[in-house]
Structures are given as C-alpha cells and as structure tokens.
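Going by the order they are written in, the chains are A, B, C, D and E; count residues from 1 in each one.
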Amino acid sequence: MSPAPAIKKIQDERLKEVSLLTKIMRRPELGALAGLILVAIFFISTADASMFTLAGIMNILSPASQLGILAIAAALLMIGGEFDLSIGSMVAFTGLVFGAFVTLSGLPLLLAIAATFVVAAILGGLNGQLVIRTRLPSFIVTLAFLFILRGLSLVGLKWATGGSTQMRGIGAQSNEDFVREIFSGTALEGLFSWLAANDLIAKFPNGTPTVTGVPVSILWFIGFALLATWILLRTRAGNWIFAAGGDANAARNSGVPVDRVKTGLFMLTACAAALVAILTVLDAGSTDARRGFQKEFEAIIAAVIGGCLLTGGYGSAIGAFFGAIIFGMVSIGLTYTRFDSDWFQVFLGAMLLLAVLFNNFIRRKVTGER
Amino acid sequence: AQQSSRIIVVTHGQANDPFWSVVKNGVAEAGKDMNVQVDYRAPETFDMVSMSQLIDAAVNQKPAGLVVSIPDASALTASIQKAVAAGIPVISMNSGSDVSKKLGAMLHVGQDEVEAGRIAGAKLKELGGKVGLCVNQEVGNVSLDLRCKGFTDGFGGKVTVLPVTNDPADVRAKVKAALAADASVDTVLALGAGTAGEPTVAAVKDAGKTGAVRVATFDLSAGFLKSVAAGEAVFAIDQQQYLQGYLPVAFLALNAKYGLMPGGNVPSGPNLITKEKANQVIDLSAKGIR
Amino acid sequence: MMDRQAPIIEIRNLVKHFGSVIALSGVSLSVHRGEVMCLLGDNGAGKSTLIKTLSGVHKPTSGEFLVEGRHVTFSSPRDALDAGIATVYQDLAMIPLMSVTRNFFMGREPVKGVWPFRYVDFDHCDAVTRDEMHKIGIDVRDPHQAVGTLSGGERQCVAIARAVYFGAKVLILDEPTSALGVAQTSMVLKYIHQVRQKGLGVIFITHNVRHAYAVGDRFTVLNRGKTLGTYAKSEIAIDELQNLMAGGKELQAVSAELGGMV
Amino acid sequence: MSPAPAIKKIQDERLKEVSLLTKIMRRPELGALAGLILVAIFFISTADASMFTLAGIMNILSPASQLGILAIAAALLMIGGEFDLSIGSMVAFTGLVFGAFVTLSGLPLLLAIAATFVVAAILGGLNGQLVIRTRLPSFIVTLAFLFILRGLSLVGLKWATGGSTQMRGIGAQSNEDFVREIFSGTALEGLFSWLAANDLIAKFPNGTPTVTGVPVSILWFIGFALLATWILLRTRAGNWIFAAGGDANAARNSGVPVDRVKTGLFMLTACAAALVAILTVLDAGSTDARRGFQKEFEAIIAAVIGGCLLTGGYGSAIGAFFGAIIFGMVSIGLTYTRFDSDWFQVFLGAMLLLAVLFNNFIRRKVTGER
Amino acid sequence: MMDRQAPIIEIRNLVKHFGSVIALSGVSLSVHRGEVMCLLGDNGAGKSTLIKTLSGVHKPTSGEFLVEGRHVTFSSPRDALDAGIATVYQDLAMIPLMSVTRNFFMGREPVKGVWPFRYVDFDHCDAVTRDEMHKIGIDVRDPHQAVGTLSGGERQCVAIARAVYFGAKVLILDEPTSALGVAQTSMVLKYIHQVRQKGLGVIFITHNVRHAYAVGDRFTVLNRGKTLGTYAKSEIAIDELQNLMAGGKELQAVSAELGGMV
C-alpha cells in the first residue's frame, strides 16, 4: 500500500467539476426566480395580452411592492429565527397614527412621517423585548400584538373620526411637494411623458400615457431589497442575523449579541410596516380598520416561496423579493384571465404550490441532491 | 370573444360572501341575457388598496364598461378617474351614491348601507324595541360598520355592537352570552342572514327568549326566512342586491350596443321581508337570487 | 519556567445547580500564565459545566470568580470574550447552515469602511480561513461549504483554529481532541504547547490521559461535582493519574483482560 | 485525596429534594391550567355572574370544544414536527362533502359520515405525501391547500345548491336517531331534567332546565383529549410522534417510520376537521363557504398556549385542551363584561399574552429554572 | 476461533457522491462473524459516510452490498435494522427533548395488550434503561430526564447501551469511545469483546490506535475516500498502524517534540 498522496491545494480530487450554471442555480433566491418564470409563462399563455404591457406590469408590481417591503423585512426576521405576526395590524395601526399626526395634530408631512417611524420602532422594540425577556415563542407574543394593535386601530379610528372606522382626506391639505413625491405618486414622470410623446409607450385616447411613471412604492421595494441583500451578505450585522437564527445558543456562545440583533430586527419589521402604511395612506388618502389584514401571512408566504426556512438561519432578501412578485403576479394575473372568480382561490393555491414545487425541482436537479 | 362587449365588475365583496355571491349571480345572469362577457373581481379581504389595483387591472384590459362599488371614495378616486379618463363608461353600485357623479360615473345602482340600517332601526323601534344589539361578523369592514351605524341612528335607543366571527358556534355562544349578561336587551340585528342571523335565532331560542327578543337581519338566507315565517324573527332586510349586479351590466351592455343609458340613479332597495312575504322568497334565496 | 504572580483565572468554591440537579458542589481552581491546566474526570463529573461557568454561558449559583485578581461576574459569553477568555465548547458553538468562513469569524468579523458603509471583506476572510485550517492540517475544499456538511473532526478543527486565531489570555478547550484523527490531534497538542509558550493560560479537558500528560503542567480531577485534587506533573505518574480519572473503579481488571491497551 | 465514593443507587447526593407540587407543575399542560385559572379569576371578578352559571359554562365550552378538537389534532401534528394550515378550509370542504352526501346522494347518515371521514383521510394523506415526497415545508404545502380547499368549497356549494353559498336542510330528512344523537344535540338529557325537577339546576319560567344536557361536541372534545393523551404518553405511536418531531433524522436512523407517522398525523388532523364539520353541520343544519375560516390559526394558538413548541417534539394534548378552553373563555367571556366591544380585540390579545406569561412564570418559578 | 464462511457484510467498490463532493471513491470491505473490524482513518476520510451507507442512511451512488452473501439495497435505516445491522452513529441519533427511556426504546418499543389497546409499559422500560445504563457505568439519576441535559459522555453511553441491548448480527460503532471517560471506555471495549465472543460481527471506528489495537482483529484504513489496505492484527504493529492512520504525515516530528505521548 502506498502512503497517502501528498496532493496540495491545486485541485482536490474529491471535487467533481460543476458548471457555472449549477453554481448560479445553487443560490436559494434563484430557485424563486425559476418559479417566477414558470408563473409568467403560465400567464403569457392564458391571460389577456394587456397583462404584459407596460401598464400591466406596473399594475402587477404595485401590490407586489407593498407586500414585498413587508416580505423582505419578514424574511430578515425569519432568517434571524423569529416571526412577526403583527405586521398586518402594524400597517393598520401606524396608518392610523400617521393619519392622526397629519389630520389631527396637523404636523408637517416630514415630521409626521418621522414620528410614525418612531412609534413603529418603539412598538417593534416592545415586541422584541417581550420575546427576549420572557423567552416565549415570538409566534405567540406577536400574535397577541396582532389582536391588540388591530383592536387599537379600531378604537383609535373611532376616536379620531368620531365614530367611523374609516379616516379620509389624509394628506389632501399638505402641500410639501418634495416629501410627498418621495412617498407617494409616481417617479420618472418626465421620462414617461417623453416616451409617450414619441409613441414609445401606449397612450390613452386623450394623449396621456397609460403609465405616467413608476409608482414610488416600486422604487422603495427595489431599494429595500438591495439594502437588505447588502446587509445580509456583506456586513457584520448580516452575519449576526444568520447566526442568531441558525442557533441562538451557539451564536451567543461565540459572542454574537443575539438579543440586540433580534430586537433590531423586530424594530426593522415594524418600520417596514410603517413604510407600507405611509405609502398606502398617502396614495389612497384614507385608512381604515382593515388595512393590512392578513398581510403578515402573505409576507411569510412570500418569504417562504423565496426560500427562507421557517426554522431560521437560512434564506435571502432577493428570494423574498421574487416571492412577493410571484404572489402579486398570481393574485393580479388571474383577473386578466377568463377564469371564473369563484375558482380564484383554487388557482391561487395551485399556482403557489406549482411555483414552489418547480423552484424546488430545479434546485435539486441542478445541485444533484438526491 | 369580442373585446368590445366585455364588462368587468370590481367590488369590495368576496365571492364567498353570501351577500356578494347574489350580486355575482346577477352579474352572470345579465351577461348571459345580454350576450356579453362579464368578469367579476374582488379582493380577498376588505382591502381598499388592492381593490384600487384591481380597478387598474380592469382598466388595462379596456372593457366596454366597468361596474364598481365605492366603499371608500378617497382610496378609489384615482383609479376610477383613470378609467373615466381612458374613456370607459363606469357605473357605480351598492355603495358610493354620494360620490358617484363627482367621480364621473354615469349612474349609481343601489342602496346606501347607512340608509338601509336606518330603515331597519326605525322599523324595530316601531316594533317596540328599546335596547339593541348589532351582531357584526366582520368588524372593520366599512360596509358592515355603516349598517350598524345606520341602525343606531334609526333605532334611537341604546345599541351595543357585538363583534363575532363567521363561525356559527361562536356567534351563537356570544349572542347567548350577551343576552345573559344584559337582560334588558330586547332587539338583535344581525348583519348577515346566514352567518350571523341564523345562529342568533338559535341563541335566542336557547336563552328561552323567543318572541321576547326581536330578531332581524340584513340580507336573506333560506334558514332565516323560515324563522321569519315561523315568527321567531321579525324581518329580513333585502337590498335586492341581485339588481345591483344585474342592472349595471345590462345598462352597460345596452350602452355599448345602442348607446342607451337611464337618466338617473336606480335605488335597488331596501325591501323588508316580513312574515307575510317570507315564504315566497325562500326558494329564490336558496338559489342565490335573493 | 512560568511566573507565579496572581493567577489569570481563579475560582473558589463554585456551586452550580440546574433545577434539582447539583452539577457542581464547591469547586476551586486556578490557572496561571504560561500554564496548561488539565481538567480531568469521569463522564458527568461537571467539567463542561465548570468551563461554561468560566466562559459566561452559565451563571454560578454561588462562589467566587477572579480574573487577574479582580472579582468578575459575566452576564454573557461576550463579557468573557472581552475579558480575554476564549473557549472551544464540547458542542462546538457552530451554526451548521452557515459557511465555514462565516462560522470562523462569527462574532468577531473584521469590518472595513466608514459607518454606515461598513462592510466585511469576506474574500479576505475566506483566505484567512483557508489558511488557518490548512495550518491545523485540514484542506477546506471550499470555505463557502456549510459547516453542517463537514465531518465531525473537520468541524472540531474549525472551532479550534478559530479560538487560536483570535487568541486571548486564556484558552479553554473542552475535549478538543476527542473527534480528531491522529495527525490533527498532534497538531492540536502542538498548538497548545505553542500557546503556552506565548504566555497564555490554557484549560484543557480530555479523557485521554496520554494527551493530558503530553502537554499538561498541572492536573485537576473532578468527580461528581467535586475536586478530587490538583497535582503538578512532577507529583503524579501517568498510571496514578489514569486511576484517579476513572474514579478508582474496577479498571485494572478490564484493562488486564484486554491486554492493558486502554 | 480519597477515592471516589462508592455510593450505589440509594440516594444520589447530586439531586436536591423537590416537592410533589414542583413535580406536578413541571408537566407542560399544567402551566396551561394555571393560565386558565388566571383567566377565570379575571372574569369572575369582572364579568356578569351569569357567566359562571351552568348555562354560562356550557356556553363557553361549546365553541371551545369545536376549536379544541382541532387544537388537539394540531398539537399532535405540531409535536410531530409539522403544521396543517388547511384545517379551517378542510372544515368547510368536508362540511360540503358531508352535506352533499346527505342531501344530494341521499346516503343514510352513518354512511355519509363514514364517507366524509374517508374523503378527509384521503385529503390529509395527500397533504402528508406531498410534504414528505417534496420535502417542502408543510407550512407552504398546506397553505396551498388552504386556498384550494376554500376555493373548492365555494365552487362545490354553488354547484350543489345552484348558485347559493349556503347549503341547508342537512339532516332534516334523516331520522336515524341513534347516529344523530351521537353527532348532534345534547347528551345526558335525562339527568339534567331530573336535576331541574329537583331544583338542583336553574330552570326557565316554563320549567324546562336552562341547560337541557351536555352538548355532544363537549363529550367528543373530552374523549378526544383523553385518547390523544393516552396515545402520546402510553403508546408506541406516541413515542414515534415525539421522535419524528424532535429530530426526524435521528428518529429515522433509529428505525422510526417517520414518513408513516407524519402521514398518519396529517390524516388524523383532516379527520378531526371532518369531525368538527359533521358536528357543526348537523347542529346548524346548514353549511356555508365561510365555515372554519381562520380556525387553523386559532387551533395553532390554542396548541401553543397549551405549551406546544412550534419547532416540534414537545407538547401535550391536555395542554391544547386547556389552551382551547382559555381561548374560548377569553373570546366569549368578554361579552359578559361591561367593556366597550370596540376593545374586544385589545382584550383578547392582552388576555392571551397574560395567560401565556403567567403559565410561563409559574413553570419557571416552580422548576427553579433561571 | 472464528468460522470463515460467507462474510456477514461485504461491500465491493462502493462509491458515494454528495452533489459535487466525492466522499467515497470505491471502497471494498468485509466483516465476518465473531470478528471486530476496525475502521481507521483521518478526519474526513469517509468513515462515517461509509457506515451510514451500510446502515441505510445514505444510498450508495454505485457499488455492491451483500449481507450474508445476498445482495441488498436498503431504502431506510429500518431496513438495515431489520436485516440485523445496529448502529451507534457519531451524531448519536437521539432526541434531546425526549427522556432517556424514550430515547433508549425509540423505534423498538415493546408493546403489551391487544390491538387497539396496545400500550408501552414505560415503568418496565424505565427499569430496563436504568439497569442497562448502570451496567455500562452510568447512574442515571432519573430516566425521565431529557437526554439534552445529559453530559456528552452520558449521552454516548445511552446510545451504546441501546445498540447492545437490542443486539443484532452486526454492531457498528462510530467513534463510540471518543467522548467517554476512562472507566466508560473500558466498559465499552469490554462490551465489544463480549459481543465478538457471542459470534456477532463488529465494525469499530476510532481515532485511538490503542483502543483499536486492544479489541480489533482486522484493521481497514481509509484515506480521502479510498482504502489504504486491510491488515490482520498479526500483520501489523501498533506503530505502523498509527503511521498509516495519520496518512504518514509529519507525525513523528510532533510526537517526538511532545515526548512521544500521543
């Protein structure tokens, strides 16, 4: 018998060659992209052609972007090993808080927005501290907040409006154009009207372009996805998030300030909810007691479609990004098809399952997992 | 099918909501009668943001007509105006009679929820009710909240809102509890016949107060109508929402074909179904027409 | 060979209860600079509990704890790390789903750039990891590989290389060699030797009396939560030590039966 | 130094004495009992006295029992390491199936019930097989079924009734008293009328007792809780459930047929949903498209209040039993109090949080965990 | 001393890939009745992968596998158990949240009564567990204690006691002694000896050459997924074996430096 081979680090004989494609597809988020492509193919072949016009795509992206901002935050929190079921109620509550700051206190828009974020951060921190101090599962703690915040939204709305569950006319009076433009309406309007003028994009009969610009929520969505990805993959905080979710004890033993990381994530999630609340309230000019209903659920779905593990420690922000777009495309896309809306939920469920199955199938195929 | 004769209906009521399923049946029937393509769309929950997105999606498909309900004018204004700007004829239905014209809709078909509630309240007051309970199976759903509000206005007496869920066992237990906790309650108005109304009748029976407590409900269900016929409940308030689905589609279809359009709003209800009329409508209700 | 000032770590009469279980009932111990203190004892004697108390994982139920002569109480492992106590736990404190590099630098990531644009240079980290692992005798095929896919011994090597790389005043190793192959074991023992020569204190837990005797300066034997005694290397022969570790049970009999090879 | 002490197994010096109370309180389910007691004390001091009359207690127990049957099944499944989010939709769907068997096919009650359970078991098995074969998280697979079954219920109802979302008159025509009595109405009626006749329980002015008997759903609830507890604690299947949830890989390596166990649990959960559907449909005589809405959620809450870990491998059926009663008591109890109903959700959330916190506090206090 | 008929277990040219990682590249091996086959090799050599393939955890990528001369393919560990192959895994296959007794009997619970009233007599199980653990040298304070609260060595003992109690045709032990104290190690080696004498086959993985030499009949050395060779005890001296295990690396140097005590 010959002695052990003295091979140094040139080429390890125990590694098979893998193609670049395989390497790319191994990233969790790209499975979600595969699912997205499948869903898109389905709609291209069944839906009205107007779905994939510029206006149609913007139309899909706007709900996706609102859901997506929540989904990315939920994904970070899930990677960090916790859930926040109060996101949906937080949207309603911070919407009310924001509305009250603007209409009742008459704060300037910028201040009202800042104050809303502060309230959200405090509530998120409270969630986090309760989870950490009591060592109860975050599921149950934030569930309590789901009810409490939803209830407070109702009480607060009735108090603020004198008995109605709907608050209207928010932002109508304010005219600080700069802040408004960041948080509502559309961006790049000049570009789009130029494009329309040059017949590069579709117009209404009256000459205005069908799409007057990119809704700002989409820009926020993309920006947040990029930021979250950078944080997760390139920063110390990102490493701590993975570690806290992978095994909180091991992370703590290695000197990761797990409690601080988790509290921070809860605050981030609450602030993401506040951002969505501000975007939708300014856009709609109103808020009501049902805003954000079940959004916590949809956000978690989008994150899971995007490859996050429910047990924590694994996932990506870009995955959640694609997950939200899949969800948005399925839910808006069906209205472009000829299916009876009674079948809507059946299709929604089937499409979700297919998207995830396909994502999974592709990943296994490519990585050669058995 | 021909792109030109397609009509899209976007409302805030889900397809599995008993009230809205009747609207949807009306829409479908009108589509068949008028020989046009109809699509009924609604968000998964009472969600104004996604409803406005559904309207946008409808506008993108350039239908021959658009039917919308307007439970929150602020949130839907932009989308409806976009439809009008795109040259799509719009008819509003169910809610939003006050803003319909202003937003550019051609007319409104329906009955205001507050008004319907007020009529129910007045009728119950007339029947001798003093202390009322409003059983709301979906607190926060603005149209249901408005029904309670109208009831409170019309009833005059003390009204408590009882939040319940869609679960009949839960409704029954909570109504029973409320009756036990406050013996002075003599009137109960449920906001949905099948979900809240029927268990309410059962709860009143359990509490041994059939007859002593006046039970009424919004909308119709065969079971509740039986109770009305049997004298266990006083009336069901019918908005004839079938018309809210049927008429706008018919109007828009005729508009597309011949350019016809009625000159003013069409009130579809309310219509109180009392003991005398109950038996005739049971069958229609079981089929989802009333 | 070593300066006998205040010990780096000293504990007096440490007691630790878990609910109704008494894991440590009054243990005293000290570790000096440039010294390898071997902690020996039967399974369940309380060795891991003791060192987890030293490294801030558990709070002692009672007892004194001094670092360089000053009383301390750690509220988290981070405090212990800050005080210069680096530990390789028996259960390793690694995240299976994370890559080797990320595990290696977990909690002590080097950052670059100015706030808020501070980032971690993971390419540099990969290089360091590969390097340090190579030094300990493991060729990491891919530093992005998840730790969960490494073999037991490879994982152990990551933990040790990490502790050594971020070297502190005291290095605590809980059965570091138990899962290691012959070559890696030699490597670790050599490391311990090097660390001692740099003037650090080492607490080394092992069940292998030969490993202990090869690098240890002093030996403390625990039994059922109590100290059986502390001996300098000069005071005790390897066989005596072995008997003491086994708690004097009917070891000789078995050992003889199998040809004295244990 | 003396050699090691040669103590044999008489009294281990490394064990402190613990009181019997401590030992009892260490059981996870008894923490939930503590929470129940706290909630009961709260209501005794704030609610109308009629809440704790016999009629009041039955009134709390009947919704609690329906939730509880689902919660116990959900608890078993959670202990086995999986979720089933389709329970609520399964209640609606099996309700429809049962209704259709009775009214459309005109099957005798007993056969209709048996056939409904078979359908439920098949659907549950499908859920389970999908989870096992695809190795996707059960969260996402059963979520797809949440939508699909909910949608199918609507479509099916409309098809069966010719356009309505409510199917009625179920069981009205059937007159097999024996089967009916097992699945609907009340039991022990003789006892209760005897008690009333002897003035031992409250009566209406007309002489009938306020409570004519124990609703059968409560008996099913108690029976199921006992059965589930016996299975968990005393049988081989119970050990396998704990093992499968604690660490599926380790269990598989030790020879536990993890896949069979999990599939069985999914089938059990679906059958529990079918049982609830049959009980409610026979009781109400009707079913509609919104039956069981969000019950999956409430069932998981009850199981978690009862001490189940979301990560699997730990929990108890009795805990879920108490958890369901806590949930029922809080949600029904508030209508007995004088609080403004707008605050309902706020109270619900706060009470849930308090019950769980108290449960946790008691357990830690008693077991001396730090 | 042992009958040389068909080997109980024989594998030929076994290959196992994990995605792009080649863990085993053609390993052949056989185990006979009444024989202790020691599987030795460096960290990451593929020992655990090999035995996990034998015990049905992994499916081989290619290669033949014969039990008592018949070709078999296991689709789950249960199949292997049914075929008489009992394994103590390096990562133990225990459920931390479950009690010692429940872990001990996991997958092989004895039932009483008639279906559907079959139940497990846990009192009896508790007694058996306490007994078996006592035999291996561990006093379990309370068989209801969660396994997660046991020390590393205690946990190892549960796994071994379990495998021995449910004894099969072949017993596979993956580094069973690595976390054990001196007394428990002797106990385990004695067990291995007893098991052999009962005529069972044993595959024993260890990094401790003394443990291997004390009980082994034949030694197979793996290196980087390949066999370096199989030797009977009579063919090889302990020092040669040690060198082979370390893959011939610069071991002598270190060893000498530290006084040859490794």
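Details
The working rule: contacts are C-beta pairs under 8 Å (C-beta built on N, C-alpha and C of every residue); 3 or more make two chains touch, one makes a residue touch a chain.
Since the model is a prediction, treat every value here as computed from it, not as a measurement.
Within the contact network of the assembly, the step distance from chain B to chain D comes to 1. Centroid distances from chain A, each centroid being the mean of CA atoms, peak for E.
Comparing the CA-atom centres of all chains against that of chain D, the greatest distance is found for C. The chain pair with more C-beta contacts between its two chains, of D-E and A-B, is A-B. Here the spacing of chain B and chain E, counted between their Cα centres, is 71 Å.
In terms of their C-alpha centroids, the spacing between chain A and chain D amounts to 33 Å. Look at where the CA atoms of chain C average out and do the same for chain D: the two points lie 48 Å apart.
In chain C, the residues that reach two or more other chains under the touch definition are 21, 42, 91, 141, 247, 249. Contacts with at least two other chains are made by residues 14-15, 150, 154, 309, 342, 344-345 of chain A. Multi-chain contact residues of chain B (touching two or more other chains): 15, 139.
Chain contact summary for the complex, chain B toward chain D: residues 15-18, 21, 25, 139, 160-163, 165-170, 172-174, 176-178, 180-182, 194-195, 198-199, 202, 208, 221-223, 285-289. Within the complex formed with chain A, the residues of chain C that make contact are 55, 57, 76-78, 81, 87, 89, 91-98, 102, 105-109, 111, 118-120, 122, 130, 134, 139, 141-142. Looking at the complex, you find that chain A touches chain B at residues 48, 50-51, 53, 55-56, 59, 62-63, 66, 150, 153-154, 163-166, 168-170, 204-206, 208, 210, 280, 283-286, 288-291, 293-294, 331-332, 335-336, 338, 340-342, 344-345. Listed in rising order, the residues of chain C touching chain E in the complex are 18, 21, 41-45, 48, 90-91, 137-138, 141, 149-154, 156-157, 175, 178-187, 189-190, 193, 207-211, 213-215, 242, 245-247, 249, 251, 254-255, 257-259, 261-262.
On the chain A side of its complex with chain D, the touching residues are 130, 134-137, 139-141, 143-152, 154-155, 158, 300-301, 304-305, 309-311, 342-350, 352-353, 356-357, 360.
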